[in-house]
Amino acid sequence: MVKVEFLGPIGRAPMEIEAATLKEVADILKTDDALLGWLPKCAVALNDTMVNDLQTALKEGDKISILPPVCGG
Amino acid sequence: MVKVEFLGPIGRAPMEIEAATLKEVADILKTDDALLGWLPKCAVALNDTMVNDLQTALKEGDKISILPPVCGG
Amino acid sequence: MELHHGPLDVNEIFGRWLASEANSNFGAFVSFVGTIRAENGIEALSFDIYEPILQQWFDKWQERARQLGGIVKIAHAVGDVPVHASSYISAVFSPKRRVALELIDAFVEDFKANAPIWKYDVADGKRIYAQDRSTPMDGAGLLS
Amino acid sequence: MELHHGPLDVNEIFGRWLASEANSNFGAFVSFVGTIRAENGIEALSFDIYEPILQQWFDKWQERARQLGGIVKIAHAVGDVPVHASSYISAVFSPKRRVALELIDAFVEDFKANAPIWKYDVADGKRIYAQDRSTPMDGAGLLS
């Protein structure tokens, strides 16, 4: 199981899912209509490090963070 | 008579000279060997406004300031 | 890097930062302060911050500054900041002025684009995500 | 614009400038502080300023800032400033960040190039014109 957290304004409780790669996480999240509008605009972190490769392998206990568009300052 | 002031590090007392244009001021100052090294690097103000034209006409009591290279900050 | 609940005390932060580098022999200090403007009838802006990734973002900038002989500092508010109060300060110390002037610009712009901070308008007691002023981070869309 | 005899009290000046614009609804404040570095064995730097032309220089920048919706401020030391003390502060307030970030850079660079200020190294009790770091002003050489 990996944990998926939705940051900032997405307003979703964390999910625990089975996924071996980020690609599998994407496939699961895309089945959720409420997330479809967010995913094209969201960046992704794995265990608090930004990631850019869908093939990234996951292991038990990994934390995936979904980061919507930002506006600090 | 016009007054010529030497600012900052030039270290010269002010002079009073007869001159009808800045060109005439230049001709007089260039006869002073101690100023020859400064003049190519100095900007000029007339009555506290920067000037760029040698033909600028002068009148009695005008103040000409000679401004050597600067380094504020 | 420091996060404060509510508005920043700009004088306190400047005083502390300047004192901390008083003997570091930096010749230039450049700082940016962001203050909440009264506009669109808002009472305040409000901020969520995800600190672990902000810290990594900041650490990369600190290393970049270090390679140029300087250091960076940042302070940001968490939660509500009323209009005319300050939410954000960033600063660069460096030996000479060009490094500081160039670094502050890049630092502030990248902060705006990639620091994991979400902004909300607060008006009539409601907290509304400032979606139209927000920017997808580098790498956005990976899962879409 | 303000000239101070000896080193600047940076905290006092920042505090006063920020307080003076606290309700002006500016969203961005960017400032540059120049501090005397210990180098080449100097004890201090020392400054001569010709105030009438500095004021005109400053007034032109204030007008330029005003056309962009902002304001500029400047403070400079006259006379001796010991190492690790500050001689120069400039600042821009503006509604939005890009104007402030671009203006501070141009303002500081033009100050360096065209403000009528002469710098001297102070070492072993002597005051020596910093000729090698000085720049002829725009229009230099008119009389040569």
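Assorted remarks:
The first chain written gets the first letter, and so on, giving A, B, C and D; residue counts start at 1 in each chain.
In this section, a residue touches a chain if its C-beta (ideal position, glycine included) is under 8 Å from a C-beta of that chain, and two chains touch if they have at least 3 such contacts.
The structure displayed is predicted, hence computed values, not measured ones.
Connectivity without chain D: the remaining chains split into A, C | B (groups of touching chains, all others kept in their positions).
In this assembly, the C-alpha centroid of chain A lies 71 Å from the C-alpha centroid of chain B.
Work out the mean CA point of chain A and of chain D, and you get 49 Å between them.
Put simply, the C-alpha centre of chain C and that of chain D have 25 angstrom between them.
Touching of two or more other chains is recorded for residues 73 of chain A. Shown for chain D are the residues in touch with two or more other chains, namely 34, 97, 108, 112.
If you check each pair of chains against the touch rule, the ones that pass are A-C, B-D, C-D.
Chain D contributes residues 34, 47-50, 52-53, 56, 76, 87-88, 108, 111-120, 129-131, 133-144 to its touches with chain B in the complex.
Residue ranges on chain D touching chain C, taken from their complex, read 10-11, 14-15, 18, 22-23, 25-38, 84, 95, 97, 100-101, 104-105, 108, 112.
On the side of chain A, the complex with chain C involves touching residues 7-9, 22, 25-26, 29-30, 39-45, 48-52, 54, 65-73.
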